[in-house]
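Listed next: structures, encoded as structure tokens.
Next, two complexes with subunit A in common: one pairs it with subunit B, the other with subunit C.
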Partner chain A sequence: MKREQIGLSLGLRLLAILLALLFTVMVLLLSGAPPLEAFRQIVLGAFGSYKRFTDVLVSWVPLLLVSSGLLITFTAGLWNIGIEGQITLGAIATTWALRLLQDSTFPPALSLLLATLAGMLGGAIWALLAGALKTFGGVNEIFGGLGLNFVATALTLWLIFGPWKRPGIGSMSGTEPFPQALWLPVLPGLRLSLWALVPGLLAWGMVFLLLSNTYFGLRLKAVGKNLRAAYLLGVPTWQHMMLAFLLCGALGGLAGSFQVTAVYHRLIPAISSGYGYLGLLVAMLVNFQTLWVAPVAFFFAALNLGSIQLPIVLKLDSSLSGVIQGVLVLFVLLLDGVRRRMERG
Partner chain B sequence: MRKSLFTVFAFVLGLSLILSACAPKTPTPAPATQAPATQPPATEAPTQPPAPTVAPTEAPTQAPFVFGMLLVGPYNDRGWSQAHYEAGKYVEQKLGAKMIYLDKVNPADRPGTTASQLAEELVAQGARLIIFNSDDMKDESTKFAQEHPDVFVIMASGDQVWKEGKAYTEIPNMINIMGRMEYGKMIAGCAAALTTQTGKIGYLGPLINDETRRLAASAYLGARYCWTKYLGKDARDLAFKVSWIGFWFNIPGVTDDPTKVADDFINSGYDVIISGIDTTEALTQAKKAHDAGKAVWAIPYDFIGACEEAPDVCLGVPYFNWGPEYLKAIKAAAEGTWQSQFVWAGPDWKDINNPDTSAVGFVKGKALSENAARMVDQFISELAGGLNLWVGPLKLQDGTEYLKEGEVATDQQIWYLPQLLEGMEGQSVPQQ
Partner chain C sequence: MKVELRHIHKHFGPVHANNDITLSIPAGTIQGLLGENGAGKSTLMKILSGFLRADSGEILLDDRRVIIRSPADAIRHGIGMLHQDPLDFPPLRVIDNFLLGQQAKGIFLQRNQALEAFQRLAQQYDFSLDPFAYVENLTVGERQQLEILRLLWSGVRVLILDEPTTGISAAQKQKLFATLRRLAEEGRTVIFVSHKLEEVEELCHRVAVLRAGRLVGEMHPPYDTRKLVEMMFGREIQAAPRASFAASIPVLRLQQMTLEDVRLRMTAVDLDVHAGETIGLAGMEGSGQDLFLRACAGLVRPVAGRVLVGEQDLTGKAYHAYKRAGVEFLPAARLEEGLVPGLTLSEHFLLVSERQGFFLQRAYAQRLAEEQIALYNIKGRPHSPVESLSGGNQQRALLALLRQPLSLLLLEHPTRGLDVESSIYIWSLLKERCRQGTAILFISSDLEEILQYSDRVLVFFSGKVSPPLEASALSVEELGGLIGGKGWEKFGVQRES
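So, the complex of A and B:
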């Protein structure tokens, strides 16, 4: 890339962030809130104490896993909207495994390991379904994924209100919490589990290596850039797409698994916490650069946690974080389009 | 390219840091009740010595006692959560204490967070006592109370610290508070029975548990009593159907839609809907049907002002008045006389609508006929005089005996009602 191009690209990115900030300030002013104080509260809410910082990491882990996984499918030219369902299926499979194992004589560590693997398997299978619909059924992965998301939600609700209901209770609140032995151990006094953080980081690193340093990654790129050309050059295209789905689904499933074992300790209807859709935003924002997944996902997680201060302190709705995230992505995409136009012209 | 993006990110971080650094100097007009917000976050709980029962006495002239409240729904839901919010305001006014609150505390509205985590956020803003206002936060309130023995906890509607209860756990820093809404629901049932023209009463239920079963059953007992005793009709001619939506309020795509459930009642001839959920869909749908020319009424729930939304169809509202009990508990916390206990507070029978003494009340609605209103008053005075409808013979829905002839239900039998009662239609436990 030429020097001017880098400069242009950087300038436009900065402009995008500036525009997003300006837009947010306008929204805040329109709702009669002090913008500086609002931003200050968000920053304090995310980094005001050690515990808050580690809380950001707690939601960073699933977001990191999901976004990393999505980069694999993005590289293969696939829009894996079904990631939400893959997270959910991971959570369901983990819950299922823990329910089976909690009364067994298995040591808790082994039960947790098996349940985590079950979660990855659950997510992978759900992703393969979307992949099979695409490859063999000709169903666009966006529609297939959306459909499977609905099925995953319906399945969760049915399990919670039906076979997995709490004794004597009929509530969409969630299943009976697992005994504490089956929670992933956390750092003392905190909510952060290294047993989730380390796998999250490892997964991110592996995706980076896979996409940048392997033959497989190269071929995946070929499939993503030009399916037909890749096929003509002898790349087994559908196999690569299925593999991309499988890996992404497994990572999504792992995220869902951690939601059960490290955060909620039971299955709830909103178990995915929307990390799938948020992960799509992250993946779009980083534009195929795996290294950037970690900081951007961290930034999003911090925004989400920090914005909880808004209703407490300023009586503002905390959906502001969603506004910032959405607007940021929109402006970055918009100015990316502008850049491409300028480069062509 | 990668390098450039790093610069971008550094810029974002830098900008947020600059913003945060600038802010304190800016003379921002502090929006109401923000005092502790600008102070550094209060010490995290573990650093304070645990002193659950002997909280130091605080001079009321100094910094006011700060209490926090977690509301499961919106603070202005005209129902369950608003009743708690107003009670918090009441305590602020009576005690000179200060409330901070966070509403919509449930995983659907605040994804990725847990109630105990959010409670810690209120503690960080200075709260020394946390009110968990929903059954949905019961497990989380236990977890929080045990992890923070130096923070006082009120768990509304829970039974964790009821020594005679089924779920007893020793938690010195926790108080359970609940109103004896059984009375409010009996009165509601009575008003419904006196009004229905079709003899069919619908009960819009939330989720199924001990609490909701006993409240639905209370409404039925009140309805049956007034139907047979005051109207002289046969109990078998009174239909009483319960439909559950699956949660305390509507969560689109997750629960059944209460709007639709209410419409189903109306369209199948149920002309009075008693609401058991946190929000007012029963009332609004009844109003729509009323405006379309149908003779339909509704009885909302929880909040004293609930009828205001549709007075023309509102027969009255049984409501919680959390204020007096919250005042007692928060005062005890502030003054160091806190005692872990289970409070199940009844109405003040001298005046069930006394805002300073009655934990539950009933306000008659504009749509209640004069004649029915007279009989409702009579029913209330009978209850005040000692009338107890939780007396045998009573059978459970499946026909098994619940109370023998003349047997009076204990508090435990009522609290943990295992099924709906015979004569009620609807699920006692979830079936799918």
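So, the complex of A and C:
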């Protein structure tokens, strides 16, 4: 890239952020809220105290895992929208394993390890289903993934109100919580578990290494950028697409698994908490640059946590964070299109 | 309607696709338009039918100057084009296709009215089409009939047909010709674009020949075939001395191979290809040579017969199995099928490198790329994205990506779009491969290239394949005639399907 091009690209990114802020200000003004105060509350909500900062990290972990995984499928040219279902299946598989193991004589650490692996496996299998539908059934991965998301949600509800219901009556609050021995240990007085944070960071680093420095990553890029040429150059294309699904699904499953073992300690209906869709936004925003996943995911997590304050202090709905995130992605993509037009002539 | 084209010019970048073409066609005429691929026939017809705008020049209809801005505009002026691939909607019914493209009158479809018109027209021209059949179940010939009816209903008085006889049966062809004659008798003008000399001679009242963007001549019956071929292909070509390869073991054997696609069927082809020889595949585009070449790579599955590479029977196996047996295929669309835009040259070399571990070795890649760039004289740097290279350098890069050694190399248009210097360089690289024992099969629409570099030549015409012809014994007239469908009797091959 030439120097002016980099300058233009950076300038348009900044403009996109500015436009997103401007739009949010307009939304706030229309709903009669003071914009500056709202932004101040978001910042305070996310970083007002040490505890709040660690809470941001708690939701950073799944987002980091999911976005890193999605970069693998994006690189292979696949829209793995089924990531929501893969998170859910990870949570279900982990819950299933823990239910089996909680009455056994296994040491809790081993049970947790096995349950985590089960979660990764669950997510991977769900992703392979979407992959097989695409490769062998000719079903576009967007449609297949979307369908599987609905199946995953239905499966969760059926389990919570059916076979895994609490003694007495099933409820939306989920399954019976696991004994504390089967919770991932947290930092004293906080909700953050280093046992989730460290694997999250490791996964991000490994995806970075995989995509930028391995033959596998290079072949994935070739498949994503030109499937036909990659095949003619000798790359086993469908196998690589399946592997991309598998890895992404495993990371999504790991995110779901941590939602059970480190956050909720049980299966709840909305166990994926929308991290899949949010991860898609992060992946789109960073545009294949793995290093940016961590800061952007952190920013999104902070927005989520920060906006929890809004209904309490300003009587605003906390979905404002979703507005900011969505609008930001839209403006970045829009200005990317503008840039491409400018470059073409 | 009388059609006049005056001083039509059209450029595509550096290519002068139509160079000062002036042509006058009286009403009630069937005008033939001949020329090899890239001669400018399609461009000229696209200008007349509103798909393209000329850079300069004018169009007169019945002595009135008109400006045609779009295909819809052309229809309003009474000009309709029947494309080689029918522009219809296969999942819809015949009658709905018939209705599409009409000037909308109100919101609701006038289906009954349309049905009446359809049946009247079909009866008038003796077409038996079921208006409620789905178009996807029709043959190419029937879809063509539907298209003709649709255009007639739109009131066209000039009908352009682009290679209309490819893929239709002999009976359908006779019916088509009868219809075209009748349309001409009714005072309509028919422009028949084709490369099939015989058909043009049979049907057309007059013929114009295009070559390299220029109108090089016109002819009225009786036609002189030799003269037409000469006008189409121009120059006399000198052939170089050849070696004989029959003694060596074949690297590729085709036994009774039968191929099929929607347009054509190629029956029971036998061929032995020997190490080190070059076979040129000649024929107008879409005559079956592309299908044939891809079948030799396992990219198209034969419906019958066997394909043997060396000693291995690879019939029905995928391309990667052929690749492992030492076969490589280089597509004509370099950036669409050959290279991966967005990746650099050195990343391409890594991608095909045989010592792939887990981690990329950037230093090795750099060294490898620099070596290959020097060896193949590629104007580019290891970190250049492939899409930034010129066409000639992309082709050199593709050749540099081929494995060593190779038993069979299949090339589509190896020098298309390259300047003379690049073409000569590419061929010197290819001939070096031949000396190392690689056999080459290549498609080209350039007769000079075919005759100059091949040892043997296969000619394709409407799915027929000639026996292998010694290039040294072949003249350009003979080859041009064969490409246009003349002189096939001597092979004992039935000419019509």
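In this text, the second predicted complex is superposed on the first by the 345 of 345 C-alpha atoms of A that agree within 3 Å, B and C clash if a C-alpha of one lies under 4 Å from a C-alpha of the other, contacts with A are read in each partner's own complex, and residues count from 1 in each chain.
Definition applied: a residue touches a chain if its C-beta (ideal position, glycine included) is under 8 Å from a C-beta of that chain, and two chains touch if they have at least 3 such contacts.
Values in this document were obtained by computation on a predicted structure and should not be read as measured data.
Superposition of the two complexes onto subunit A shows subunit B and subunit C fitting side by side, with no clash.
When the two complexes are overlaid on their common chain A, residue A:9 makes contact with subunit B while staying clear of subunit C.
Of the two partner chains placed around the shared chain by superposition, subunit C is the only one that A:226 touches, whereas subunit B remains out of contact. Contacts of A:240 after superposition on the shared chain: neither subunit B nor subunit C is touched.
Once chain A of one complex is fitted onto chain A of the other, the partner contacts of A:263 are limited to subunit B, with no touch recorded for subunit C. When subunit A is checked against subunit B and against subunit C, the one touching more of its residues turns out to be B. Of the two partner chains placed by the overlay, only subunit B lies in contact with A:17; subunit C stays clear of it.
Our summary of the superposed model lists a minimum C-alpha distance of 15 Å between subunit B and subunit C. Against subunit C, in their complex, subunit A makes its touches with residues 213-219, 221-222, 225-226, 228-236. Those residues of subunit C that touch subunit A in the shared complex are 319-320, 323, 329, 331, 336-343, 347-348, 350-352, 356-360, 401. By the touch rule above, subunit A contacts subunit B in their complex via residues 1, 6, 9-10, 13-14, 17, 21, 33-34, 36-37, 39-45, 48-49, 51-52, 55, 59, 153, 157-158, 161-163, 165, 168-174, 177, 189, 191, 263-264, 268-270, 273-275, 286, 289, 291-292, 295-296, 299, 304-305, 308-309, 311-315, 318. Against subunit A, in their complex, subunit B makes its touches with residues 1-2, 4-5, 7-9, 11-12, 15-17, 19-20, 22-24, 26, 28-29, 31-32, 34, 37, 40-41, 44, 46, 100-104, 107-108, 110-114, 117-118, 120-122, 124-125, 136, 139, 207-210, 244, 246-247, 251, 253-255, 418, 427, 429-430, 432.
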